[in-house]
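What follows is a set of structures to go through.
Both complexes below contain subunit A, partnered by subunit B and then by subunit C.
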Partner chain A sequence: MAQWIDACATDDIDEEDLIRFDHDGRTFAIYRSPDDEFFCTDGLCTHEQVHLVDGLVMDYVIECPKHNGQFDYRTGEAKRAPVCVNLATYPAKVENGRVLIEV
Partner chain B sequence: MTKRDYSLLGPDAARAVKTGLATAQWYHTEVPRKEMKALMQRSDQPAVRDTILLFGAMILLAGLGIALWPSPWSAPAWLAYGVLYGSAMDSRWHECGHGTAFKTPWMNNAVYQIASFCMVRNPVVWRWSHARHHTDTIIVGRDPEIVAMRPPALFRIFLNFFGILDALTGWKHMLQNAAGHLGPEEADFIPEQERPKVFRVARIWVLIYAATIVLAVAMQSILPLMVIGLPRLYGAWHHVMTGIMQHAGLADNVLDHRLNSRTVYINPVSRFVYWNMNYHVEHHMFPMVPYHRLPELHEKIKHDLPAPNTSILDAYREIWPALKRQLRYEDYFLKRELPGTARPYREDLHAEALGVPAE
Partner chain C sequence: MAGIVIVGAGECGLRAAFAARNAGYAGEITVIGAETTLPYERPPLSKPDAAGVIEKPITSKEALSACAIALRSGVTVTEIDRANRQLQLSVGSALGYDKLLLTTGARPRTLACPGGEHARVFRTIEDAREVFRSAGASTRVTIVGAGLIGLELAAVLIGRCAKVTVLEAGPRPLGRNVPEPFAMRLAERHRQRGVDIRCGVALRVCTAFSVVLENGQTIDTDLAVAAIGVTPNIDLAEAAGLTTQNGICVDAGLRTEDPRIFAAGDCAAVQAPDGGYRHYETWQNAQAQRDVAGANLAGGDARFSGPVWFWSDQYDLGLQGFGETEGDPAAIRDLGNGAEVRFYSNDAGQLIGAAGLGPSNAVSRDIKIAQRLAGATLDPALLADANQNMKKLLRAA
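What follows is the complex of A and B.
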């Protein structure tokens, strides 16, 4: 059953950037948008399972470091080939300077 | 001696999957996240400048060629135009395919479409084949873009200096795709949902070529084909020359771009045509870094890379003897020496890279 997990402090993520968060044998990516909102997706690209953490956040897009595939990290939508399969997203919220994700 | 099978559906392909060489973890030099983030930042300005320069020069040179036609004095204009059409478009295709040349996506896409047309590479097919080249760089049976196979087909490479085989294959595939067919190897790496796009682009191209040929027949002259189509042949030499430098003679089946790719310092004109892809180890290690930031990336990580070749000539001084030797003994390759400051990675693969390294 999904539960809220304390993932990191808000300050752990730079603006327009992401970090990797591993939990319970799974890997996630947590994003801080240019508008200071936080989002969470699966941590691995749906194309070839590469960690997205080495990629580049541009506005609301995460670009995968391997083949430059892109996702909208708010919705997980695959935006640019070679990614075709959407990325799973998870709810994220901020409480007392901490980022919580529901996974 | 190991016989290599470069088919994507052959025994080497199956072996690469079985031995873990396919879709594997590759070596990366450590670069602090902040610095890498800065290097990856996109910007329109350098590519807009270069694109205006490129298209401006093409219009000017084609105009000059047309004005002087059919005098032999038009030849220099055509030769220069050909290099921009048949070679500079290769690097534009490449960079815009990665989506790193411009910050604005539609600019990347527009130049990517034009460059794909000039190079006769279906923009959808080649996006997928190039992704595979990055996943499995010079892994035999997995990488569809190996130029100098072993033993090297030197006559094929020679023909391709004039674009002959590549362009003819491109045109043949264009006609197949326009008729709604995909070759078996293309089908191996192009997902189902992308296929209608392959066919649509091919049909548009057929229309453009048909219009050009109709115009040439009406004018009773090859002049329209000198502008569209033929420069893919007479201007191909530069991109083949630089393309061969990327990996030829180096190890195959290793998981470290420092060992199978070549960085070469080259002259500024060739760098413009090649859009800095002479920093090839750097590009493969970090494909997110735009072409105009590669020299900076090179400075940051060169302590971890083999010494670059100092010129095109210097590169060919090692490539040519290596290719000649591979004709007789295909396991031969040039073993890259890492500097003392470098971090080693999977030395076992390099040592046993399906053969025997140069002494």
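What follows is the complex of A and C.
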């Protein structure tokens, strides 16, 4: 059953950046967009299971640290080879300065 | 209608077919590949997991048919007839083209010393399977060449084989465009793990059981692997009268002097702004050039511009870099935890390259940002300050 989890404070993530969040044996990536919205995806790249936290966020795109595959982190859509499998996304919301994700 | 024909179904050629389709090309697209398997990625070949060689296909049959790309595997192009715009195929037939892209890649150099044929090469999935099949617990392996592929192989074979020796003709490992301190650190890690790296050596002869050096030393060897670099596959272009150097010569739009023929990837030599031709042998170059080639095959006017980026994984360490990384760095950024990035600039103070080494992907983000900052004039003190978020520099640039 999906439930809302308190993941971090909004200030824990820089603007246009991401953090890694591990929960219940799973790993997620939580993003703060340039216009201050928050998003959540799986934490591992779909190409070779690398942690996306070491990657680079530019606008709405996360670029994988390993082979430069790119995803739109709002939709999880694979945007550039070598990634071709989309990234799973999860709802995220902000309440009282905390970021909650539904996983 | 003859459409686009692409010769070489590797990273560059196959993906260029998709790029041409994505750029709106509606005609026929045919990709011809000498290898019989569905095209696969090469980098994982030297980074196998416990189960063996990783086969990572570049695409699927479904994706090919969804984009109406015809792939002819196991077929070699033997001749380009430019006057009639036609290719001769190894299967006996001919194939017409409207536009032609050459992505024939490169082939591994073989050892020149007597008995050099005893050393296996490492380029294709078949090569990789052969090497790992022959590499058992009692095997003594000798790798010739301490470049990236030789050292990646050493890193995976030392855990599986009785002995791994790496022989290098140059004075140090990774002499080509890897900063010396990083090369030394990687070499040290190899030595800690038990790899015997010997530099400044020349081979006298190879036999089925040994590699003999000019200094008289004999290295007992059950499996020898040559990892001494590659030669671009330019023969087809050369025979067709196209200009070649260390690669098929193309302009920044990846066009040869024949307006219907393009070349990209490991087989190409691209004209740089200074007029010289640059040849690259990295995966990201294949990626960047396939986008340009694909767009231009579809009638566009895209241009390739460096610098190109590379990575290598050895043990727990990840190396990444781009551009020129020779000489003294303009700044050194210590990210802590054994991760370091070195930045290089030209006489005008513009950033021309960077390289980083650290655990796993620790240096990745800074290298990505640095690559986007290439050409900018930056304060070395800011680059060296690990508390300074590099992204701020990017926003300011």
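Basically, the second predicted complex is superposed on the first by the 103 of 103 C-alpha atoms of A that agree within 3 Å, B and C clash if a C-alpha of one lies under 4 Å from a C-alpha of the other, contacts with A are read in each partner's own complex, and residues count from 1 in each chain.
Here is the rule we go by: a residue touches a chain if its C-beta (ideal position, glycine included) is under 8 Å from a C-beta of that chain, and two chains touch if they have at least 3 such contacts.
Just so it is clear, the model here is predicted, and its values are computed rather than measured.
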item: Subunit C versus subunit B on the shared subunit A, clash or fit after superposition; value: clash
item: First (subunit B), second (subunit C), both or neither touched by A:Arg20; value: neither
item: First, second, both or neither for A:His67, with subunit B first and subunit C second; value: both
item: Touching partner for A:His51 - first (subunit B), second (subunit C), both, neither; value: second
item: Contacts of A:Ala81 with subunit B and subunit C, given as first, second, both or neither; value: both
item: Doubly contacted subunit A residues - partners subunit C and subunit B; value: 17, 54-56, 63, 65-68, 81-82, 84
item: Subunit A - residues contacting subunit B, complex; value: 17, 47-48, 54-56, 58, 63, 65-68, 70, 80-82, 84
item: Footprint of subunit A on subunit C - complex, ascending; value: 15, 18, 41, 43, 58-59, 63, 283-284, 287, 309, 311, 360-362, 364-365, 368-369, 389, 391
item: Residues on subunit B engaged by subunit A in the complex (per definition of touch); value: 23, 36-37, 40-42, 98-100, 105, 124, 127-128, 131, 134-135, 191, 193-194, 286-288
item: Interfacial residue positions of subunit A with respect to subunit C in the complex; value: 14, 16-17, 50-51, 54-56, 63, 65-68, 81-82, 84
